[in-house]
Each structure stands twice: as structure tokens, then as C-alpha cells.
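Take a look at the structures below.
You will see subunit A twice below: alongside subunit B first, and alongside subunit C after that.
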Partner chain A sequence: MKKILYLFFVFLNLNAELVLEITESSDNPYRIAIHDFDGQALISNEISSIIKADLQRTGEFSVLSSDELLAEETYQEELNYKNYRLLGVDYILKGIIDSKDEMNITVSYDIYDSVKEKKIRSSKIYGIPNKTRQLAHYVSDGIYEEITGLKGVSSTKMLYVSEGLAGSAKVYKLMLADADGMNEQTLLKSNSAIISPSWSPDSKDIAYVSFETGLAKVFIQNIATGSREVAVKNKYQISSPAFSPDGKFLSLTLYQDGNAEIYILNLENKNLTRLTNHYSIDTESSWSPDGKKILFTSGRSGSPQLYEIDLLKFNTKPKRLTFDGNYNAKASYLPSNEGIVFVQRNEGEFKIALKYFNENFSRPLTESRLDESPSISPNGNVIVYAIKEDKVGLLAGVTLSGAKFRLPSSSGEVREPSWSGYLR
Partner chain B sequence: MYIQSKNRNIFYVSFLMFAVSCSTTNNTEESVYNSTVSSVEVSVAEDSVVSYDEKPITTNAVVYFDFDKFTLSTKSIQTLKSVVRAMNENPDMLITVSGHADERGTREYNLALGQRRGDAVKDYLLLNGINDNRVTVKSFGEEYPLVTGSNEASWSKNRRAEIN
Partner chain C sequence: MQINTNYTIASIFSFLIHASLILFLVGYFYSEKKARPVLNNPIDVSLIFEQDAKISPMKKTIEKPIPQESFNEIKIVSSKIPTPKTNQFKEFEPAINVIPELSKLISEEKNFLNNEKINDADKFSLMIIDTIESAWLKPKNIQDGLVCDLRIQINKNGRIINVSLFRSSGNIRFDNSAIKAVKRVETFNFFSKMDAKMYQSNFKNIMLTFNPS
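Let's turn to the complex of A and B:
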């Protein structure tokens, strides 16, 4: 009788610019059975489909829905673990949606381990009006962290830049969206280029480069209020902002010395400290997770290579980190501090590469020709980046477990992704 | 004796399993975070808009560069000689040199590279007697390509410094 509900299976909020496509999954995923949530059917179906997509996008999960399970298992109170094991199911999710009051939805869910034959998690999430998607992402993250031991990133957000046309004029937008590309909101609309968006560690402010004054300038903008200010007021070009992990400093590239040099701006007293001093290009700074080191791109060897400065050993020579290939740039540290992710030129093609500090080689992670702007999820497991396909920019992702996905834009061109920190 | 101890073990094991199964069910409660977002629109005054789309070449002179290079070619120097001549003939003439890069490589590195290309042009002009305060250098990196297309024919036209 309950099966009839599948006929009303509806996807809501399909008006997003970014459309998620999962192209490849990892070899040995966890298999999880997701039963339909008890409660109002439309909301239940929406939440189930979001959770299913979230888990599949991690590349670490294979999801079985109610209709793929043995019919008698679906609605039984007591779980028959043996039947789940027959289907190769490792974990079982059951939940209840309480939506008596239309504006307030509460989800309760339990996760069972089919091998240990017991309940391993029991959680309750209180929703807020019009945030059903976010509620579902919280469930996905709870499942992910219970089973993998790593915090989930489905409830995090992403910044990116879109470029489109309004008549014959270019329109650039700095966009904010959920990690799955849905729920897009415009943070800044401009007729000049925008590049290098990045997050403050508390994910309340963003910094980016806008060409609106005719010259590259770094702006800091509050997401909630929209208030914005120029980070450093002078007549020179300024770019490449990155917040320190404690949120007190912003590293940036200043051009006031007649050449790109990296400085650190104290956000409280606005004092600037010069970090690099070389006649070649120094730019694309990023902070180590402990805030003690800064990674940057420098042309000092004759081609762009990655270097690291130890902030505690000020004035020591930067340490060169990359030696293979003639183009290694735009790097950031893995949150575990075990390695770096960057752009590498290989036989004329640009790929995203990963280098662990305990290895003397780098691993290419992507395979198209013009991959750039890698940004790492806060749990370190997913890298989102920009690619070009048939002249159009779109976003793609790769997980360290080998899964791949794409977030193609249905309108215009998208690029410069930047992943937020944890929001829950 | 042996049997007795075995029974006791079974008791301990089942007690332990009960304790473990109670303590390892992870119970959590949380609320969805409420976030607000504001949108900002920047409307730049008409005279300061960078309008590369309507007027791709706003200059009488463009010089081109090799990939990841900012050295002036013989051909570029010929072009710049005529710029020096024009500036000498018009002592009030102020110029802006805008450096650009092709789409390959990272955007920030290309912004810095565009600056180096603009500086290379400025350095040449200064060496040939042009006063420093008559030349302004800007970079637009790879943001305003002259030609779209992911091939060398397009890239070579985009690796440029425009003088106007």
C-alpha cells in the first residue's frame, strides 16, 4: 500500500544553475540501505533523495532504497539483520519525519550495523522553516561521520564566480551555493571580473579580488549584511587574499614594490608585514592548518614553483617544495597537513595534483587539459576545481577515494570554486 | 572446576556485550544553523568601466609575448620605438600599459605575469627617455581575453600588453 507513494516521487528546487552529475565511484563503497522515512510523503521523498545524492557524491557509499530491499524487510519493526547481509548491506538507516507544524520539521534517525547487529547511532535534528535541504544535509553528515569517522561536508557551502551576458554586456557574479550546487544566492553582481574568492575561518566573511575600480583590489565582505570594504587602501594593484586559520590575518599579494610580493595584513590594526622579497613573481599564498607556515608560488627558479615559509623562522630562505615539471602553482595544504594540492603542468596540459610530504613525487588527480583553482573540502576528502569543456568553464570534483563528479552550469560559465569550513 | 569457570566467563562476556552495546550507540541532537545572505550589486561609473568587450583594442599599439614570458621580441621593440616617437612628439601624452595573459595557468600567477609584461614595456620606454610619471601599468591577467578559444592561435593573441 505504501508503495503507491513512489508514483509521487518529486524533486524540488530543480531551478539551480549547477547540476550535479556523478561520473565515477570508488571501488569498495559502504553499502547502506535507506528506508523511506515515516511521515509526510513529499517531505520524506525529498529528504531521502537529497541524502542519497549526498552519500553517493562522496564516492564512498552505495545506497539501496526501499524499493531495492526485500519487500518484507521494508516495514518491519524488528530488523532481520541476516536478510540485509544477504543483500550485502553494511548499514541500515531508518527515520521519522515530524512535520505536524508545516514550518517546523524535525527528523529523528537511527543507524544500524548489520554485522554487529545493533543500533550504532540515534540522532535528532531540529529544522528551521524553508531549510529542508539543509536538514537533509545534516542527516547525510551524521551518517557519514558515524560510518567513516570523518566529519561530513554535505552541509558546507561553496563560493564560485559565474560569467554570463546581459544583452551584450558581461555580467560577473560571486555566488554562494550548497556543496551540492543547489540553493544558489548571489553575493556580488558586477560588470567587472571577480577572482580568488576565499572564506574566513568562521565562514562569516569572504575576501575576493574585484576589478571594479579598473585595478585589481581585495575586498572583504560580510555574507549576512553584505557590507564590504577594501582590505588595503592604496593606489596599487592588490590580489590573492587568504585568511589565517585564526581569522586575525589576511595574506595577500601587493604590487607596490614594482613586483608581486606577499604581505600579511593584521586585520585588527591594519598593519602590513612584508613576507617575500624577490625580483620575480611571488603570489598565491595559503596558510598551513596550524597557521605557522605559508605556501606560495614563486617564479624565482625561472618557472612557477611552490615554496614554503616558516613564519616562526622569519627571514630564513623559503623552502622549495616542487621539482618535477616546469609549472607548479596555486597550492593549498590538506587539512591534515600531510601534503599539498596544486595545479601542475604536464606535457602541455594543466592538471590538479597531490603531493604528500613523505613522498618525493606528485600524483595527478584529474585528466582534462585546463584544470585550475583547486579547493579542498574541510574534511580533506574532496577537491573541487574548475575545468574548461568546449570553451565553457564548469566545476568538477574528485575525492581522495577516487570518485569523480561534475557540477556543470546550465547557464553561462562557472569557475573559481572555494569551499567553506564546517557550518554545523 | 573447568566447567565452573567457563560458565562464569559466559556471564562476563554477555554482561560486557550488553555494556558495549549500550555505550556505543551514539546519541546526538542538533539544530539546523540559520544563516542570512545579502546580495550586493556594484554599479561602476560609466567612465571607469573597463570595456574590453566593446573596444577590444583601445590602443594604437599592442605587443605580444611567449607563454610564461615577459621578454620583448624584436618585433615588439619596433612597435615600442614608434610609441617613444609618438610620446616625444606629444609631450603631454600620458599612457597606460595593460598587461594580459592567456587562459593557461593559474589566474593569480597570470595577474602577476600581466604586470611583468606591462613593466617590461614601461622599462623599455623609460630606458628610451620617457619620464616615469607618464606611464601607468595595470594588469588584467587572463580575465579579459581578446580572442576566445583554447588553441595556440587564440592564446598568442591574448598574451599581450596594450598601450593607450
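Let's turn to the complex of A and C:
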């Protein structure tokens, strides 16, 4: 029996500011027929609509609702697979929601394969009534994983910075929300800029840069308790923190040598180790999924390009990874360690690009003009990034299979998204 | 003396442990698990998009029986030839020239007949390739050079009853797209034209290679 523990975060603010909008779908989605869940209409409608939105946002599903299906199919006990196949349906989802008990809500669902003509998954999930969103996300992650073999990311979180005006003063907020933009929560409110939020590998702590002391300083904050501390106490500017995959180190950019260099901070004993030494700027470090390499942006060749340094080899020269375009920056590794995702300037336009290590060219993923700060989902299939539309910052997402969506905000600007790891 | 024996025992053990460690590191214990499940004469059907490449995997199966048949044919013809005496050799010369030609003609005719049968298998393989090719959508943004193998089981009505990933490409989206393509095909409607023997020997279990390069 799987009991879900929703103990990671406490949400007080439930009014949702972000609304999801799917702008483009994948060219070869799985077609899944989702029948309305049996049970109390209000809750079952809510849950099934969240599941549908979750699956559509992955870009790999095209959802057929009950009203698009043949009427007789909906009420039949025995599935007539042939009819589903005629509709091009690959999978069928049926579910029951039991919410008679006031303290518990149970979702049971079955997935059927229309070609194999049999049930391929049967699950029962327990939750509590005021956490129906998380319950629904949990169900959609199970469906996604069963069909695609990849873990779902609907129940993960996202960090981003919002910028607005309070009277005449600028207000910066560090926000936390579900991967679909709902359940927003403010983690930090400040009159000075907040940049570069990032997650610890266990998704319990975050690191970010705040200018509240006048200098750029890296803070580490616990999400559950809200307690925070300065990572490195000295008089220099520090920026772009990134946790190592084992959570024991933090890579940083320090400006103490007159220009930006990358350092590694041991979080246990607070020792700083210098990683790069070059008179040009070295910044925006990120760790490979195995923790053996660090990727960073450097101007050592005259233009910003991406370099990789091997931490296991002593004193090695950083290896240049990008050769096309005159601007490649803000890179991070795919979780599969097959390649990197970064911002590339091409013909004056900033786009999110993907480069596989075994290929000598990069693949542009986006088409707008001012795309920045990409952050990859833990399953490596979705990339969330910041865009500018009518000079207002918004968040958008693109999946590797080509689907696109936006997370538009109703208040102020949002930017610098950062995707959490798996939370369960 | 007691200490010495202890030392020798200890050094023997140490030697054994180190030797096994070195052997392990060298790869002595590594044996490739080629646990290929027994297939009922699988045919390798390669999904390659070039026209000439498509036919190439089938050539193997065609070529094998032909020399055999023609060889048999020659044998039969030559047995009919009366063994010539050495002094009669010149008289027989034209006859020898005619007989190989004749045998050639006969063998060609036989080959032609056999070819029709083999071409059937060839034709059905091509039809399978075409059907799956048209159902397959290569996913966006995947690396070049990915190849995966699928094993499919087909019943005699042409319905695919089982698809399994035999060799992964390493990229789950690529593997999924291949499985999706096969599942969407669902039924090969030309299996009714196939005779039972051919189905049993060639098309019951098929190995499909997805190689878009």
C-alpha cells in the first residue's frame, strides 16, 4: 500500500496566480482515452481535469475525454478494444474516486492497453481531501511512468523570481510553485534583486543570490523552516550557486581576484577551493549528474563559450564544448548525461539549444527571441525557461518531443525558473 | 616454525585474493551473456530508408538455396552422360558443350520457380517494412546513430500479439517511438495471402531493427 507523504511543504497561500497554456503539441503523442472518474462529481471532475492537463503538458499525450468517446463505451463494463483502436486510442484510463470518508480520499485507476487488449496497471492512491491537486499529480505521474517508462514530473516544484511594484518601490519575490504553476508560495520578499535560485539535490534546501546587503551574496535557505544563512562570509561579490549531486559541495563564482572565477565550497567545513584561473570571466557553473565534471561559461576565447572541467583529473585544461555561434552560456547537463542545454545567440536572437556530446552541432529548441535561463526537469524531458513578451518576463516550457507551453503570470514579471528534483 | 607456516598460509591466501582481483579487473570472469532466446528462425528485417539497402538483408536468404539447387541439377545431368573413353574424347566434345548449356537452362528454370517462392518471402518482408515505416515517427531532438531491435510475435492472421524490446538504443524516447509504431500497425492485413508453411518458418517471430541513419 502506497501512502503518499505530503510533508515536504506547507502551503498557506492557495490562490493561484499562474495559469497554464499549451501553445504547441508534440507531433507523435500517445492517445489516451480518459473516462470521467466515478465518484462524487465535484472532486472527480477536479481530479480528472488536473490529470488531463498534467498529461497534456508533458507533450507526449493527446487526451480524449468521455464526451469525445462513443457514448456506449463510457458505460460498458467490458472494454471493446476494437472500437478504441478505431479511434486511434493507445491507452484507456478508468478510475474511481472514493471520498465518502471525510478524512480520506482514495483514487483507484486502471490503465488498459488497446493493442495488447489487457490491463497494464492498476493502482490505488490515498490522500487527504484538501490536497487533491497533489493526489491528482501523483496519479498522472504514475500514468506517465507506466506508459513512457520515464518518471513523471507533475508532482515536482519550481522556483522563480517575480518582480513587481509596491507603490514606487520595486519588490522582488522568490517564489515556489507546483510544476504546473499552481500553489504559489513566497519564500522571500526583498527590495533588492534576487537572482540565480537553485535547488539542493534532495530538494529540501535552496541557494540563491540576494543583493540585500549591497553586495551579491549567496544564501542557503531551508524550505520547510525558512531559516537561512550566508554561504560564504567575506567582502567579495559571490554569485551563481550550484549544489553538487551529492549535496556536499556548492560551486560558486567569486569576484575576489579582480574578475570572476569558479570556486567549490565544501558545505561541511566551509573550505573554498579555486577551480579556474584565467584573466577572463568564468561563471555560471553547473555539475554533471555523476558529480565528476563542472560546466561553466567562460570568455577565454574572446566570446562567451561553454567549457567543461574534469574534477577527477588534476590540473587539467578546461575542454571547450561549443564551437557554433558567438554566444553560448548558462548551460546545464541533461540528467542522462547525454548532452547539455544552454542559451545560444544566433543571428542576434537568444534561443535555448541542446547539444549532445556525440554530435558536433547544436539543436535549437525554441523559436522566440529573448529566451534565457533554461532549467531542466528531473526526467530530462522538459525545459522551462524565461521569455520576454511585450517586454514582460514570462515563463515558458518546451519538451524534447516538441510540445510547448507557457506559464503566464497575472502580476509583475517572472524570470529565472529552477526546477526541483523528484520529491517522492 | 609455527609463525612461518602461518605466514605461508597468509601469503597463499593473499596471493589468491590478489590474483582473483587482478583477473577480475582484467576481465577474466567477464563473459558476455549472450542469452539470445531461441527464436523460430527469426528474419532480420532492417528498417533502412535507402532503396537498395532495403533489399540487401533479404539477399542472404535468396542466395543460399540457389547454388544448392543448381548444383543438384548439374549432378543429375552429368550422371546421364555416358562416361567417355579417352580415345573417344574428341567425338564427345561438342556433346559436353551442349550438356552444360542444357543443364544451365534447366537450373535457371528451376531457380526461376524457386525464386518465385523466395520472392514471396521477400515481398512479405518488404511489405512489413513498408507498413511499419509508414507508422513510425522518429522523435524530435534525439541523437543521431541510435539503433534498437524489437522482437515481434505475429499470429497467423497477421495480428501482432507481442512486442518486446530486444536491444535498447539507450534512449527511451527512441525505443518508445519504435514500439509505438509497431503497436499502431496492429495487424498486417496481407498475412491471409501467406501460406501456413511460410508463416511458420519465417514470419511467426520477427526481429525488427530500427536504424534511421
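Methods note: the second predicted complex is superposed on the first by the 407 of 424 C-alpha atoms of A that agree within 3 Å, B and C clash if a C-alpha of one lies under 4 Å from a C-alpha of the other, contacts with A are read in each partner's own complex, and residues count from 1 in each chain.
The rule is simple: a residue touches a chain if its C-beta (ideal position, glycine included) is under 8 Å from a C-beta of that chain, and two chains touch if they have at least 3 such contacts.
Worth saying up front: this structure is predicted, and the values here are computed from it rather than measured.
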item: First (subunit B), second (subunit C), both or neither touched by A:L395; value: neither
item: Subunit C versus subunit B, contacts on subunit A by residue; value: B
item: Partner chain(s) touched by A:S192 [first = subunit B, second = subunit C, both, neither]; value: first
item: Touched partner set for A:G142, first subunit B, second subunit C, both or neither; value: first
item: Which superposed partner A:T253 touches (first subunit B, second subunit C, both, neither); value: first
item: Partner chain in contact with A:I128 - subunit B first, subunit C second, else both or neither; value: first
item: Contacts of A:L215 with subunit B and subunit C, given as first, second, both or neither; value: first
item: First, second, both or neither for A:I120, with subunit B first and subunit C second; value: first
item: Subunit B to subunit A touching residues, read off their complex; value: 21, 24-44, 48-50, 53-54, 68, 103-109, 111-113, 115-116, 119, 138-141, 143-144, 148-150
item: Contact set on subunit A toward subunit B in their complex; value: 118-128, 131, 134-135, 138, 142, 146, 168-170, 176, 185-193, 195-196, 209-216, 221-226, 228, 237, 239-240, 253, 255, 258-260, 281, 283-284, 297, 299, 303-304, 327, 329-330, 343, 345, 350, 369-370, 372-373, 388, 391, 416, 423-424
item: Subunit C-touching residues of subunit A, taken from the complex the two chains share; value: 26-28, 30, 85, 90, 115, 148-150, 338-339, 354, 356, 358-359, 363, 365, 381, 400-402
item: Contact set on subunit C toward subunit A in their complex; value: 137, 139-145, 160, 171-173, 175-177, 180, 183-184, 186
